[in-house]
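Structure first, commentary second.
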């Protein structure tokens, strides 16, 4: 590599001369990375959304009707000491009765026959995000059940299980589809680069004829490929951001999901950078493969 | 310098070279003649390492071309200049850039290349067009740029394949003079041509090929 | 078009000679169509799945406690006459009590104070698929409420709304993402074809020089493009089928969703055919655009 | 037949043709000479409709080339044969297919084309290689295939740009004889060449170009 400046210049000259094929390359790269990115975005947000929904999981801890205030206070303190507990609130017997009347006005008659309020007081526990797994909630519930004064622990096992299943289902799909899209992206970029190198077969042959080494010939193309890939990645990012913003706007306009905007997230800075960098690496790698592939056959230099 | 031992080259439908043995000394001037399709271009390509012989051995500067490692070929080629029958210039680059390329590849400094390219272009009468793209030039102009590219490097061996096919008589004489000057400097010159006047003017050793066989080998007229 | 046979032959010769670039074209087409198809498959199946889940929607029609058997029978007959009713079953007062005890063993004491069974008899209505929209269920419920002897109509409004929202949300996303993928697919194929035509610029110029008309030059390329696109579409289909089957296998192996296999569907025959045909049209169209684009500039024939 | 009125063609960096006026009658034999870069190729390309004049008018068979509709150009070209300086053969196709192409384009029947292609190839001495790919042939062979392609069609006008640049003296004479025969059949022949012996042997009207200007126009020696 005796003349690095020349080689960089050469890369830019190549780009200027082959404007059309460079544009094609950038657009193709952008679209393929976008496809992948779109899927990643969809996956990330759905997972995020599932997480948000899971936050609504509540565990109800019913207190024994005969429990004294001291025992109730003891339960509260022990619950507050639990790492799995995120938010804790207390529903007294009276409040429970009021809620019952509100929720089931028709069945109010049910309780009228009794002299004493049969409904128990309860603690409503919201679970911390890191403990929202089906298993850990079960373990938590089992533990709480042993506390003195606790009559019963309830939570909607079904809902949690369904959510967990849905997430794992989606995760599995994500892996399969993500893999396929990644392979497709790489194949398409490699093919695009290969085609654009067929256009330069003659050029490469001439350089070989006048005694250029492999690395001398390849370097400008590799630089070009890296630039092209990076541009493609950046364009993909812009495209994805555009789609994302458009989507948010549409959601706002339709008013369907008033709370959803706050939940939806775009790629953080690192991921964005990673996207551009991976575009660059893809471009670079494809160039290397293509140029050296074309230079392999000695007899073609004629 | 250049030695061919019983070299043959077969193509699918024809024998381009058949059992050619020849020895060319350093500093010789050799003219390669023969009818169309005799194998002149093939012979030059073999010496240049652009084709591999099917039989026989080729030594160029004591290196066996057929056995040379892929990575060593560029360094061998840098000691040779080649004027191709189909030019093989980079069409989108200027005359100057095309001629400067062999120098850039070898890492010659900018000032040095500029001077050398200028001299080479002047020698072929193309210095007034050094900023033109080669792709759109006339055939004669392209041919002269090719010659300039081949000599810019002061090669040890100069291979030229029909270098005056697209040139008029005046220019042909000038190019012949140029080759003679280069030969006088000690360069081995190997020139394939149909042009009888070039053969006469060059006054070198004449190898005559016919259907791939070397049929005569005459020294220069005294 | 004086020599159609020659032009078809020519297309096949082109394909044989430019094997690599044809292969690249087919693979690229296949991958881009696959991306689109994968998304379509995902969308179709999720929508299908949502439909299946929606089938579980039940409307509970509570009968007045004092209603006579005749009135109950009247309700049944009127319900059976409703188009929205798919499956109908009756839960008598006694059965309701049994279910209550089974479902809420802890609260059994609640009902022990009463001399008479306070739980009403009810009809359980499963809604026909075409009436599973949130609105039509609401209208249905309103109508049923007017029937003599009906005390109350209940259904899980939330669940239905959530599902409806999810489906429309997904539909909206499907349109946006599907559109983007379609644009990407077309762009990539058009670009691939354009690049591969740059490789043939010289050939086209030569044909023009010896007096070939535009359509004579274009026809073999258009045939080639159509074949290439059709092959790409077919390959995409095979790929998708492969992924689909792999997915089914994985599901079976993991045992996560025992019932899911029966719900998941691949493209029906028409859609498959449409995929291949659209690949063909894409290839055809791209070829036409490319060839005529290359022939536009008169001076390039030099 | 062919008329140029004050035709000029300018390129970015040079004037290829400057105010050229000439009239070539049907059946004439015209030799175009001049040094490298004089504008010979440009003149032929203008007549062929491959370039458009920047100034002046060109009439070929009473049609104004510059004003011709894009769709009509192919039909004009089918009446002409063109031997290009850089060959422009389809490299992946065989000799036979290349030469047959102008006939296929015009929808000539298979049997007819076969006969005509055979005759054309025989005339240039290439019939023994009709199944070879043109891309890998020697320069002289490619040049002869070009000539065969240009004459296969019995063109009304034959344009040849340096058609013997890669041929030896024997073949050159044969090709000159061929052109003479074609001319004798009534074809208008326009031939650009550097080769003085071709000019003499053809014994036609000689147009001499220099730096884009027509400097002399001599009739054939009596």
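Going in written order, the chains are labelled A, B, C and D, and every chain counts its residues from 1.
As a convention for this text, a contact is a pair of C-beta atoms (placed from the backbone, for glycine too) under 8 Å apart; a residue touches a chain by one contact, two chains touch by 3 or more.
Predicted model, so just to flag it, every value in this text is computed and none were measured.
Least step count on the touch graph, chain B to chain D: 1. In this assembly, the chain whose C-alpha centre lies farthest from chain D is A. Between chain B and chain C the centroid-to-centroid distance comes to 66 Å (mean Cα coordinates, whole Å). If each chain is reduced to the centroid of its CA atoms, chain A and chain C end up 23 Å from each other. Averaged Cα coordinates give chain C a centre that lies 62 Å from the centre of chain D. Chain contacts in this assembly form a single closed ring in which each chain touches exactly two others. By the contact rule set out at the top, the touching chain pairs are A-B, A-C, B-D, C-D. Partner chain B is touched in their complex by these residues of chain D: 11, 13-14, 33-37, 41, 85-86, 129, 131-132, 136-141, 143-144, 162, 165-171, 194, 196. The residues of chain C lying in touch with chain A in their complex are 20-21, 24, 27-28, 31-32, 34-35, 38, 42, 106, 109-111, 113-114, 118, 152, 165, 168-169, 172-173, 176-177, 180-181, 183-184, 187-188, 191-192, 194-196, 198-199, 243, 246-247, 250, 254, 256-257.
Within the complex formed with chain D, the chain C residues making contact are 2-3, 6, 17, 202-203, 205-214, 216, 298-299, 301-302.
On the side of chain B, the complex with chain A involves touching residues 45, 48, 50-52, 70-71, 73-78, 82, 84, 88-90, 92, 101-102, 104-107, 149.
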